[in-house]
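As structure tokens, here come the structures.
Below, subunit A partners subunit B and then partners subunit C, in two separate complexes.
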Partner chain A sequence: MSLERWERLLGEVIVIPGVRGAALVAVDDGLVVAEAALDQLDGADVAALVAALVSRAARVARSIPTEPPRLIHLAGEGGTLLAIEASAPLWLVAVAEPGAEVGRLRVLLGDLAGAVG
Partner chain B sequence: MRVLEPWVEAPLAEFLRESAARLALITTASGQVIAQHGFARSLDVMAAASLGAGILATTGELARMVDAAGGYRIVVHQGAQRGLWLAGFDTPRGRWIALVAFGEQSTVGLVRLFFHRFVERLVAAAPRTVPVREVLAEGFERELDASLRALFGGS
Partner chain C sequence: MSDSSHASLTPAGAPSFLDLGERLRQHGQLDAAATVTMNGLRQWPTLAAGHDLRGRIEADRGDDHAAAEAWGAALACEPGHLGALKGLAFLAFRGHDFAAAERHLEVAVARAPHDATLLGALDRVRSRRPAAPADEPIRLDDPTSGLLLGDADGMRLSGGVGPEASAEAADAAAAETAGLLREATRSARLLGLGGVKHLVVECADARLAVLPVAPGAALLAVRSGSTPVGRLLATAQRAAGVATQWLAGLQ
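Take a look at the complex of A and B:
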């Protein structure tokens, strides 16, 4: 898989109305692998916090106990963050405005996660 | 946590809490230990401070050899379960060095994120009244010894 291909996949995410940006994040080190349109967001910060979120969600899942999370949906007043496991350790992440089409975004991320490879 | 400069304590405590780092050592470029967290023995601090300064000096020279403009400000060593973050940064009190060890509860990205905030908080909290001293290589060991005595006690 090439960076160009990953950026093309992320390009499909950011055309959804209301999506502020998308990134492919390595959750084992909390770093950005590829990103698209995260102009007003610091992609590195998003990656670090998503990795922490995934790590904590995994710990919660272990303590319940249940299977590790494959999708994290964080909804707040300022917007939505969706993260879905792609190919370990990579997670596909999208940040959207409050009015974004989250349902469509969720389906698309699910489809694209399988293509990250 | 042990600190030589009280105003360092709050920013460092905040950084440790946010980043989930296990060990932290803050020294001046001249070898004076400003603060440490997680070290039990002064000998360990002494070794870590010397090795950290040595690594930064080595990578600085490497940067000069390969013509990397501005040098390497941050060096990360990533192990299977633990990582090491080593950075030189400027404060109103001169150039300082931070050595941070983190485990599986944290990541390079998280340490990077909160380290930058730590430096900002540190710079904002630093008293401006003490003049910056010149860094002399021969004074490194003396400064290190003096600060370790102040932090851990002993003669």
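Take a look at the complex of A and C:
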């Protein structure tokens, strides 16, 4: 899939009200593959933090044990981060403000994850 | 309130007004009992057992508002005070607020998991409640409950990760959950998301929720992959509330 196609997919995410930005990141090396509207966020930071979160969540899953994580939803007092596995090692990530339609965002990211390949 | 088991709760070495007030209460001399208790509380205003006794007297008088206030004061003096929790559960039960009664008893059972009278009371309350599948019981002390409480260092305090998981798995999960919460806290700070409210991790066969519980502790809820996320969070938030009170009682 082309970079242009990935950026078009991310463009569908950032039109949801309250979404601050979206990115496609490779969690094995913590690098950004594509990003959209991450104006006030450093894409490299987002990728590195998501990679670390996925790694930590995978360790919790192994300890229980369960299957590996495929979605992570971090809800903070000042916003939300949603990350969903697309095509390993790629994860789709969105960062949203408080009050964003998180349920709609989850559904959209799930749909788009299947289109990344 | 006629529960004579409260008499045995008078702590050894406690001020004598507790014993006298309780005896008067049990003989139905409620005004005299109240006078003795109030005089005692003037001398020992932070004695939880004194406020607990005042709660029982007020409940016997039928003044639920005053009783609730007294038991609230007991909990302020001693978080997790069993007598106060029982009393508040009794008031809620008498007012047909079975959900509130259950919450108070759940906290009490978390503090005293082998207290037969508490377990019996919890069973009675639950039998009176309408079935509410989303409002499942919180059993922090039960390793099979899929509710795990760990401290900031990743040491397991209570609970476990499910009926088929060993204690070793629960210990490992507590250690890894502390690390995950630390990472989530760092990510939230660096991304401007503020303090962590919760973290949900979805796997093919399970859904996990991690909630911070003061001070620095973490609650992990483990449910099947088919559990709705909203229900998972509702359960986890109730458990975090119980855990917060349980931890306060330890301090």
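What we mean here is this: the second predicted complex is superposed on the first by the 117 of 117 C-alpha atoms of A that agree within 3 Å, B and C clash if a C-alpha of one lies under 4 Å from a C-alpha of the other, contacts with A are read in each partner's own complex, and residues count from 1 in each chain.
Throughout what follows, a contact is a pair of C-beta atoms (placed from the backbone, for glycine too) under 8 Å apart; a residue touches a chain by one contact, two chains touch by 3 or more.
Computed from a predicted model, the values in this text were never measured in an experiment.
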**Fit or clash between subunit C and subunit B when superposed on subunit A** = fit
**Request:** Would you check which partner chain A:3 touches, where first means subunit B only, second means subunit C only, and both and neither mean what they say?
**Result:** neither
**Message:** By the touch definition at the top of the document, which applies to A:45: first (subunit B), second (subunit C), both, or neither?
**Reply:** both
**Request:** Would you mind checking which one, subunit B or subunit C, touches more residues on subunit A?
**Result:** C
**Message:** For the superposed arrangement, I'd like the angle with vertex at the C-alpha centre of subunit A and ends at subunit B and subunit C, nearest 10 degrees.
**Reply:** 100
**Prompt:** Which partner does A:15 contact after superposing on A: first (subunit B), second (subunit C), both, neither?
**Reply:** neither
**Asked** Which of the two partners, first being subunit B and second being subunit C, lies in contact with A:65: first, second, both, or neither?
**Response** second
**Message:** After the superposition on A, what does A:80 contact: first (subunit B), second (subunit C), both or neither?
**Reply:** second
**Item:** Contacts of A:30 with subunit B and subunit C, given as first, second, both or neither
**Value:** first
**Item:** Smallest separation in angstrom, by C-alpha atoms, between subunit B and subunit C in the superposition
**Value:** 9
**Asked** What part of subunit A is shared between its subunit B contacts and its subunit C contacts?
**Response** 45, 49, 52
**Request:** Could you pull out which subunit A residues touch subunit B in their complex?
**Result:** 27-31, 44-45, 47-49, 51-52, 55
**subunit A contact footprint on subunit C (complex, rising order)** = 161-162, 165, 169, 172-173, 175-177, 179-180, 183-184, 186-188, 190-206, 208, 210, 220, 222, 229
**Message:** Show me the residue ranges of subunit A that touch subunit C in the complex, using the header's touch definition.
**Reply:** 40-41, 45-46, 49-50, 52-53, 56-57, 59-81, 95
**Complex interface listing, subunit B residues touching subunit A** = 78, 105-110, 112-113
